[in-house]
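In the two assemblies presented below, chain A is common to both, partnered first by chain B and then by chain C.
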Partner chain A sequence: MKRLRLDRWTGQLLVARPPTSTPLRYARPGAVCARLAPRRQQSTAIATQLSTSSDGFDYDRFPPLEPLPPTATSLPSPTPDRALKSARLAALHARLSLPEKLPLQTLARTLVDSSADENPQFNNSNLAFVGQTLINYHVAEWLMVRYPRLPMAILWAAMAAYSGPAPLFQIAQSWGVKSAAAPGGEVDPGLLQFSLEGLNPSDRKFGYSRLEVERKHKFRHSISSGVIFDDDYGQLIFDGKTGVEQKEPTADENGGDQTPSHMSYGDEKTRLLAEQAHAKFVRALVGSIYAHCGRDTVRAFIKSHVMSRTLDISTLFQFKSPTRELAMLCEREDFEPPIARLLSETGRHSRTPVFVVGIFSGKDKLGEAAGPSLDAARWKAAMNALKAWYLYSPGEHVRVPSDMLVSDARPWEPAHIDIGEVISF
Partner chain B sequence: MTIRAVKTAVSIGRNGVGGSFILQCQKMDFHYCDWFGSSKGMNGFIKSLLPKFAAAHPQIEITVSPRPNKHPVIIGHYINGKQKAICTRNMEPLQILKKVELLRDASGEKNRRITKPVQSINPSVRGVWSPYHGEGITV
Partner chain C sequence: MEAQLTRRSATACSGLLSCSSRSSSGRLFAPSTKTVAVTSIRQKSSAARLRRALNIPPHPSFVLKDTSADRIIFNPPSSEASVFHTPFKFLPKSDPRRRQNIAELFKSQATGTEGTVATGSPSLDPARLPVVKKWAWEQKPHHVTAEQVAEIRRLRTEDPVTNSVHKLADKYNCSALFIRMCVQAPKEHKEKVKAEEDRIKARWGPIRSAARAERKRRIDMLFAGEL
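Moving on, here comes the complex of A and B:
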């Protein structure tokens, strides 16, 4: 079947036309459609009272697109009252089963990035900050109670894998959120709006930017200092002034001033900006649910959308000297020192030998692995033993501290949290 | 610091497993023609059945627009970015409703033959058989 060119024949049949090409019979008094930008799509949310006019054109059958206020194109983002008329926004609200307490106007505001509208009363920055703290708090307490022995680096990586910008971008995409080609007052409020012109300098990550980044070529980036200074995923925070990481894409890199911003889609930087904007939208939505519906609703929302995703934490580990670490672990926990024993082997002199090595502490087998050489098998066995130690879990349905916020909660039993990694430095 | 983390890992979303379910059909376009006889059923569907369907499925954005001198068609838009179109010429309203429900329930993926009843990313409970363990076979 031939592809339908909706945007073309809305121009032919309906009244949306640029002002220059509007024929006389369309240009009725009261129809503000001449203000429409040519990239607007058709919408069924039309509530205007029209009838067959004297020129014989049937406006009931072919109504004009949603009339825009005359100042719409001069505004940086759509006005809040237009949120009630957007079919796309209402569909998004229903698709996410959002509570009715959350109004469409607030949902529309969560879709406006600070790069599209700098006014904090109309963009989603403040809601996104609330949402980020909520998401990270719930994910962190859940990971910490469920895997009490995770090393800090792995905990950070798991946090980033659940609630960092990349998974939040995927979540926003799985909700069917589409972005506008360029932000503006005339676009559909149901589209995510952000600018590709670069990050807003007032919109930085929250945390401390280290002075060492500016002053020193190389500095000791320890885990303990990362807990205090860095962001929730253990990543360095760069001030906008230093510009080490948050470099703004300049006009030259985009191919000069004349190139429209939407031409540079697919660029690495624009992809990064899109990812950040989508993640910010998810955070802002969580923040707005908290603001309108409270603690329990937002917790259920985070559980069902963020924490319900799967992640194999055992794939996050990278070991440098596993045998040494295992020996130190046994010493710390007063186990007998680990001994590697060959359990079985085949084809020692062949091209593909296999050795199965177990690591024993006294009579207890700590780990076991098969490898193509004795050393490789021993290392793998040590890694398996360490993973078995670090990935200890009291169970899938452990109680987290936020369970206590319910009014009729059982008394709290202290959760077991281990001291963490064996060798921290 | 002998342990380092793989930083590129991202959790995997499983729609409706342990969390909320998102309907994959996000938009439906209904096209009709006033003059063509093949649109008779479609026009009746739009008048009688579509309001009920739209009220029952608020998560689907619905557009109705004319397509003069062409057969009527329904186009479903899906979250994975794909579209599915069904031509409904000469169909009765109830036949069209079945096609609409088919589009609603589709995932947007291409049609493919599914031979195994269950697809899962969970690791096998029993594990993989190993020749190096157990009693072994004496030849």
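Moving on, here comes the complex of A and C:
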């Protein structure tokens, strides 16, 4: 390995500004914090070579990036007035074409997770709650009117695929939101701030937490009770304590050795926390748009960022006994009972036969599929028929109830809503 | 086009061979000169031949007979029907598509031999197509009385070995599923059957167990729509 010849380096390399980070020296609240921005020594050799100040820095040569308020490092999150000076925040505001009414200070507040700052007046919890209800309302009413026959389980899965934490995390990433390594009052307000120190017990998901989860070893988790008690995606809600107890063993198994939680980077738990924090930021941003700009703007924002994503709903289905379900459907709807008929076949005695089976109810063909055996083709055809039933749509551009909130809206025509699923488990 | 050319040469070959075999009655092989002539294929060695080979006439459905007005040519390749195309029967009463198509619905019901409205496929009379497998309800109609159900329960509980599910199904002319819905075997019998199954499964080698696991996985994937 070659030795680094620092004395031969050009001046440009030596004066390059280090990236934003907090050295340990500035972590203590004191007089030094008042005049200096966060910065880092490039190497010990340069520091000794160039030191002209008493604490080892040439402040004339390395001027501070930004003067920090005296109490910055003692605060859990950046002060709101610093939002106006952050280039990242302004860039994010411009990149998303956010309305002028939304101030940078509010945008900065949406980036502070409750795990970074517990004070609800400075974190994004309240905005995130508003945003979550708005996003889920718009997605749910649109799915309900667009696909009026979806079974509840599929509806939940579609809701989670549009507005759950995973897609919102992707949305936040596509917006170019970066996160700070650790939260604090000195970090750039344009960075998403959350703590990896564990789920905050005070930070719960919005909804009921069931008593059965704690009291009973086993209980019937039905779809009907899920509609009432669980969250918008049909998932059980644990309170913070139960959640941590369930999550931590998996994190330890993945981590393997005895590294403390703040040292392990990129394991299952930290990824979960990062996903939740990013999703919360997107929700909080939606909530802040609603708070500052109103109903129509937030609806347009949700439409263009959340509902515009592509999802193939036909891939969400998983059947248990499709033929039985189809027979029950035909009985319920007073159709003629379904009959599977062979439409065509090839290579019956070969290694790779293909059978094309259609399912008929009277003279109408309900579904058709090809398969390597008669049974497989029949099951697949029944599945296709059921999917065709469940995925009925009155059209692409259906009117949703929130269309009526416009002042000069046409009178409402009742939307077709199906009576429910064929077999509910 | 490539396939067509080779087929033409192939038919020519067989014709020549049959002639030779007929002329040389009793001889197994044709003369060598004739065989050489048979195997020669006309290549696209010159530009003119290549141009002629690539000069394909359009498919008949693309040839417009009436060019007086603009038309849409709908000639999709054969593929699986999309599940997003709702069959006519599945449209709710309020759907405008049902009202639009009502004339055609009457027409198809009146003639009977016309194809389905939903798929639009012509000339297939569903009644003539072979049935793949009858549904359980069709094979075994509902005819078992409450007394018989009580008797089934009693027999199965008293002696589950003699009165197996399939024996009872045969006896009462109902499906095995119906017997299973009526009654469950006693616990000790179930445990005995399970132990016997486990003993058999323990003797399976790696190939058979892998094949079984793969078959199960394939069915699961089929029901999840992944196959």
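Points to keep in mind about this one:
One rule holds in what follows: the second predicted complex is superposed on the first by the 338 of 425 C-alpha atoms of A that agree within 3 Å, B and C clash if a C-alpha of one lies under 4 Å from a C-alpha of the other, contacts with A are read in each partner's own complex, and residues count from 1 in each chain.
One rule holds in what follows: contacts are C-beta pairs under 8 Å (C-beta built on N, C-alpha and C of every residue); 3 or more make two chains touch, one makes a residue touch a chain.
Source: prediction; values computed, not measured.
In the superposition on chain A, A:M383 makes contact with chain C only, not with chain B. The wider contact with chain A, measured as residues touched, comes from B rather than the other of chain B and chain C.
Once chain A of one complex is fitted onto chain A of the other, the partner contacts of A:R88 are limited to chain B, with no touch recorded for chain C. Applying the stated contact rule after C-alpha superposition, one finds that A:T71 touches neither chain B nor chain C. In the superposition on chain A, contact of A:S224 is made with neither chain B nor chain C. By the document's definition of touching, of the two partners only chain C reaches A:S393; chain B does not.
When the two structures are aligned on the shared chain, A:L342 is found in touch with chain C, with no touch to chain B. When the two complexes are overlaid on their common chain A, residue A:Q318 makes contact with chain B and with chain C alike.
By the touch criterion defined above, A:V354 lies against chain B but remains apart from chain C after alignment on the C-alpha atoms of chain A.
By the document's definition of touching, of the two partners only chain C reaches A:D364; chain B does not. Common to the chain B and chain C interfaces on chain A are residues 315, 317-320, 322, 343, 370. Residue ranges of chain A in contact with chain B, taken from their complex: 1, 4, 6, 9-10, 13, 42-44, 61-62, 87-88, 90-91, 93-97, 151, 153-154, 156-158, 160-162, 164, 166-167, 170-171, 173-176, 223, 303-305, 307-311, 315-322, 324-325, 343-344, 346, 354, 356, 370, 421, 423-425. In the complex of the two chains, the chain C residues touching chain A come out as 80-81, 83-92, 94-95, 108-109, 112, 116-119, 121, 124, 126, 129-135, 137-138, 222-225, 227. Interface of chain A with chain C (complex): residues 314-315, 317-320, 322-323, 327, 335, 337-343, 355, 357-358, 360-371, 374-380, 383-385, 387-389, 391-394, 416, 418.
Contact residues of chain B toward chain A in the complex are 1-7, 9-15, 17-20, 22-23, 26-27, 29, 31, 58-68, 73, 75, 79, 85, 87, 121, 130-133.
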